[in-house]
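Right after this note come the structures.
Across the two complexes that follow, chain A remains constant while its partner is chain B and subsequently chain C.
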Partner chain A sequence: MKLLLKLLILTVPISFLLMFFVLLTEDKSYPGADYDTYNFPKFELETLAGEKIFNSRIEGNDLLLNVWASWCITCRVEHPYLMKLKRQGIPILGLNYKDEREDAIEWLNKYGNPYEDNIYDYKGSLALDLGVTGAPETFLIINGQVVVHYQGEVNEMVWNEVFVPAIEGEGLF
Partner chain B sequence: MIVEISHFLTILATGLFLLSGLFATFINNTEYISNLIARTYSHAFFFLIASFGLYVWLAATDNFSVLYIASHSNTNLPIFYKISSIWSAHEGSMFLWIVFLAIWGFIFNFKISQSNPLKSLTLGILSLVIVGFLLFLLLTSNPFQTILPIPPINGADINPVLQDPALVIHPPTLYLGYVGFSIPFACAIAFLIKGNSDIEWELMVQKWSIMAWIFLTIGITLGSWWAYYELGWGGYWFWDPVENVALMPWLAATAFIHSLSVSIKSKKLRVWTILLSILVFSLSLFGAFIVRSGIIDSVHSFANDPERGLYLLGFISLIIITSLILFVLRFSKIQSIERIKRFSKESFVSINNIFFGVLIFSVMLGVTYPLIYEYLFNQKISVGAPFYTAIFSPIVLLACIFLIFSVDSKWSRRLKSNLLDLPVVVSTTSSAIITLLFLYFFDINDLYMNLLIFVGFLIILRYMFEIYKLIKFRKYINPFSAIAHMALGLLLISISLNSSLSTERAMSLKIDETVKYKDLSINFQNINLSNGSNYDAIKADLLIQTTDGKSVKLSPEKRRYFTRGQITTETAIHASPIRDIYITIGDQLDDGSWVVNIQLNYLIRWIWFSAILMSFAGILLVITHKKSTFTFKKSIS
Partner chain C sequence: MKIIFLTVFLLSANLLSDSIYNFENEEDELRFNTLVKEIRCPKCTSGSLSSSSAPISEDLKLKIVQMIKENKTDEEIKDYISMRFGIDSLYEPEFRTDTYFLWSAPFILLLIALTILFTRRSG
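This part shows the complex of A and B:
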């Protein structure tokens, strides 16, 4: 009985400590990636060009949704890689986030446009529904459903580690 | 230049603390060695304090060549926020943590006489703990890093939610509590190393432990209050992981100070007391680990760095495992031969120790379960209030019932069943009547809430009788412990009523629109822009009228801070003893109306008042504490 008690006193804390060691050394290279699957939220907004855009643009489609803004420095860093993805034939939809329309259009004219269309979300309402915390963020949408939500810059490494596995599973693009 | 001096002094202090710790390993404790330890400690302490003093001065004078100060302070800040910016992030707050640890040790060094057989060893152990943390500071989180050759003209500003008087004092108070338990811990370890069960280490640390407990209680209360009015959380407790890691040491500490007084009075539960002293300090360290390793996402967590987490985990594991092995080895020596009598005061305290243990273990599970789950299934989940309520309600209830029994019980004697004793009958029936009245008038439909209200009143009334007996018949009872327990009763009642009666609603309002909510009519009068020294604000004016004609004007705000662009919510609260009207303002909707969130928080002030009353009782207990006359018989050594 006493032995059991002694063992318990030693093993319980040690197992907690070991568990924390495992948790801490776990490879968390991509803390921004979230793999919950859910339906794309309903929205009714304009594009940057001023046309109406609804859920129908997303429904049943496979695409990338990239949240960006002209004021966002990291988006500028990310931009060349998105251009490369476009050249690979990957459809990218932009979500222009809390930005001035003129600034956004000027930005695209200046650096190039990787997007098929741009949802103009001045108030950030769609971004709020999507759980966006800042720009840039990128969503992988398969058949109208969000499959990957990535916070932060997408580059070659992130693309290969975070997005490619999800895409390969579906045999897309 | 000054920052280099400050840096150098800290390194010097680290070396001296290490020496002081090494000297303590010479177990054959000659007077010469123990004087050496005491002096080395004092010198190390003075170097550390001087270093911290210089650092405070650097922060106060906007020396932005120091990277940490440049990243967390700003010339626009008032002077006390410049200073408090030191503990607004990881490096500086760790520095403060260590300074407090050293301060407790210094006072201990100063107060405890040189002839005390445990003193040198205790001081040595403390020094080694300090060295561990100083190395952590210097190697992984150096606050002395500089930006050279060209320092920025202005700093990056302190996080706006931290620009608040409560936050200037909340972390320091909490830290004082956490590290205060290093004293009983170090004493317990020294006691275990000596292995002489005649040494009464418990009496020696009682005052220190109660003081640390007071700081911890006040610190947690301040945090709760701050989250309520500054963060706009709208309640007093959220089972946030970091609240939980503060609650665990508090629960352990509460069990510890009870167990301690049993060990002092009747030489029993010594095993429990030692184990709890190790547990309290371990949990305090664990709290530091959780917050600083970035393993948990929370409002409190500092920017993370895996290296820091690993260092802390390693160091904490070293401390915990060494102390537990030592404990297991000395187990038989400290075990009391006498068995605890059934239904004696000791028996009730030991039962409640077990309950406290269960609560701590459940909180620990609640904190770690989401981590394990995320690791295994790659999904984030959170363990929230329902889990904790389901565990805390029954266990707290049971613990309180044992507390009530313990009021009548005696040390080392069986409780005589005197169920028909007048105070028992009167307090039980009146508590039952009050509870039924509450049930009738407020329609409280949760069984546990009703039971907790009943037990709360029972505790208060039972102790009132005891205080009456103390005044009238000079029956011995510690009046401050009675006050602390009555505060517990009050806490239970306020928590139960708060959770049963409070309501909230989010509504959208246009200017000049009036809506009714409960007994209130809310008129949205105006919205306007205003400017602070370092932020823009949108301020809404709402006129709130109750049915009896009283009206108050509340102006909730949303602020956007220039330097970081962060948006904060400033709540508007109309406080009264019965209830708070608590209003926050949200976004503007497309039709021009604003989202206004209103909460009616009943008796929430009483929750903090109870906690403060507990701490106050603790303070009185410390002040009136008998001079801890250290009764160690020379002949035994």
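This part shows the complex of A and C:
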């Protein structure tokens, strides 16, 4: 009995130390990345050009959805990389987030437009339904389902390590 | 003249007393006030929705008001938020497979402590 007690006194704190060591030193190199799979939420909004846009634009499609705004500085930093992705033939849909329509159109005219279309989400309702906390954020959508949600700027490194594995697994683009 | 003054005065007081969110009854308002204290602001390091006026928190508060008006239960509202902003958006984590240990750890520790105490006494 005494031996058991001594063993307990020794093993319990050690196992706790080990547990915290493992949990706290876990190497999450991309904390902005989330790989939960879920259906794209239903929506009914306008495009920047003023046309109606619904779920049907996304259902069954494979594409990248990028949340951006003309007031967002990181979006400006991210922009050249999105242009590069567009040149590579990646279909990108924009989600213009809490922006003024004129400002957004002017921004695209000034810097170039990497988007096939832009959902104009003035109130941020679709963004809220998607779990967007700010801009920029990027979603990889495969067959109408969100498979990657990335918070923050997409650049060469993030693209290669977060998005490319998911895309190659599906043999897309 | 006096009557006009009085009406204007009373009406303006009434307008000022209007809260930001309109609820149908006090119970709903109470539910709202409890929920915003139990849900974490997605943009803050540690702060509840009630303590935050970040744009995303304001949006979430409006969404909660809307869901309360649609007669959604507290569970449904919490599920909506934790599904989108992660399980750590709830201050009190739900009892699920990956939180069994978290919830049972205090009891396990208590059991170990009691065992040690009693074995010592008897020994």
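We adopt the following convention: the second predicted complex is superposed on the first by the 173 of 173 C-alpha atoms of A that agree within 3 Å, B and C clash if a C-alpha of one lies under 4 Å from a C-alpha of the other, contacts with A are read in each partner's own complex, and residues count from 1 in each chain.
Heads up, the rule we're going with is that contacts are C-beta pairs under 8 Å (C-beta built on N, C-alpha and C of every residue); 3 or more make two chains touch, one makes a residue touch a chain.
Because the structure is predicted, anything quoted here is derived from the model rather than measured.
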Combined model on chain A where chain B meets chain C, clash or fit: clash
Partner chain in contact with A:20 - chain B first, chain C second, else both or neither: first
First (chain B), second (chain C), both or neither touched by A:133: second
Partner chain in contact with A:49 - chain B first, chain C second, else both or neither: neither
First (chain B), second (chain C), both or neither touched by A:164: neither
Which superposed partner A:2 touches (first chain B, second chain C, both, neither): both
Chain B versus chain C as contact partner of A:73, first or second or both or neither: neither
Touching partner for A:10 - first (chain B), second (chain C), both, neither: first
Partner chain in contact with A:35 - chain B first, chain C second, else both or neither: first
Those residues of chain A which chain B touches in one complex and chain C touches in the other: 2, 9, 34
Residues of chain B that touch chain A when the two form their complex: 275, 282, 289, 293, 295, 306, 309-310, 313, 316-317, 320-321, 324-325, 327-328, 331, 364, 368, 371-372, 375, 378-380, 587
Chain C-touching residues of chain A, taken from the complex the two chains share: 1-2, 4-5, 8-9, 12, 34, 38, 98, 124, 128-131, 133-134
Contacting residues of chain C [partner chain A, same complex]: 42-43, 55-56, 59-60, 63, 83-86, 112, 116, 119-120, 123
Footprint of chain B on chain A - complex, ascending: 2, 6, 9-10, 13-14, 16-17, 19-26, 28, 34-36, 123
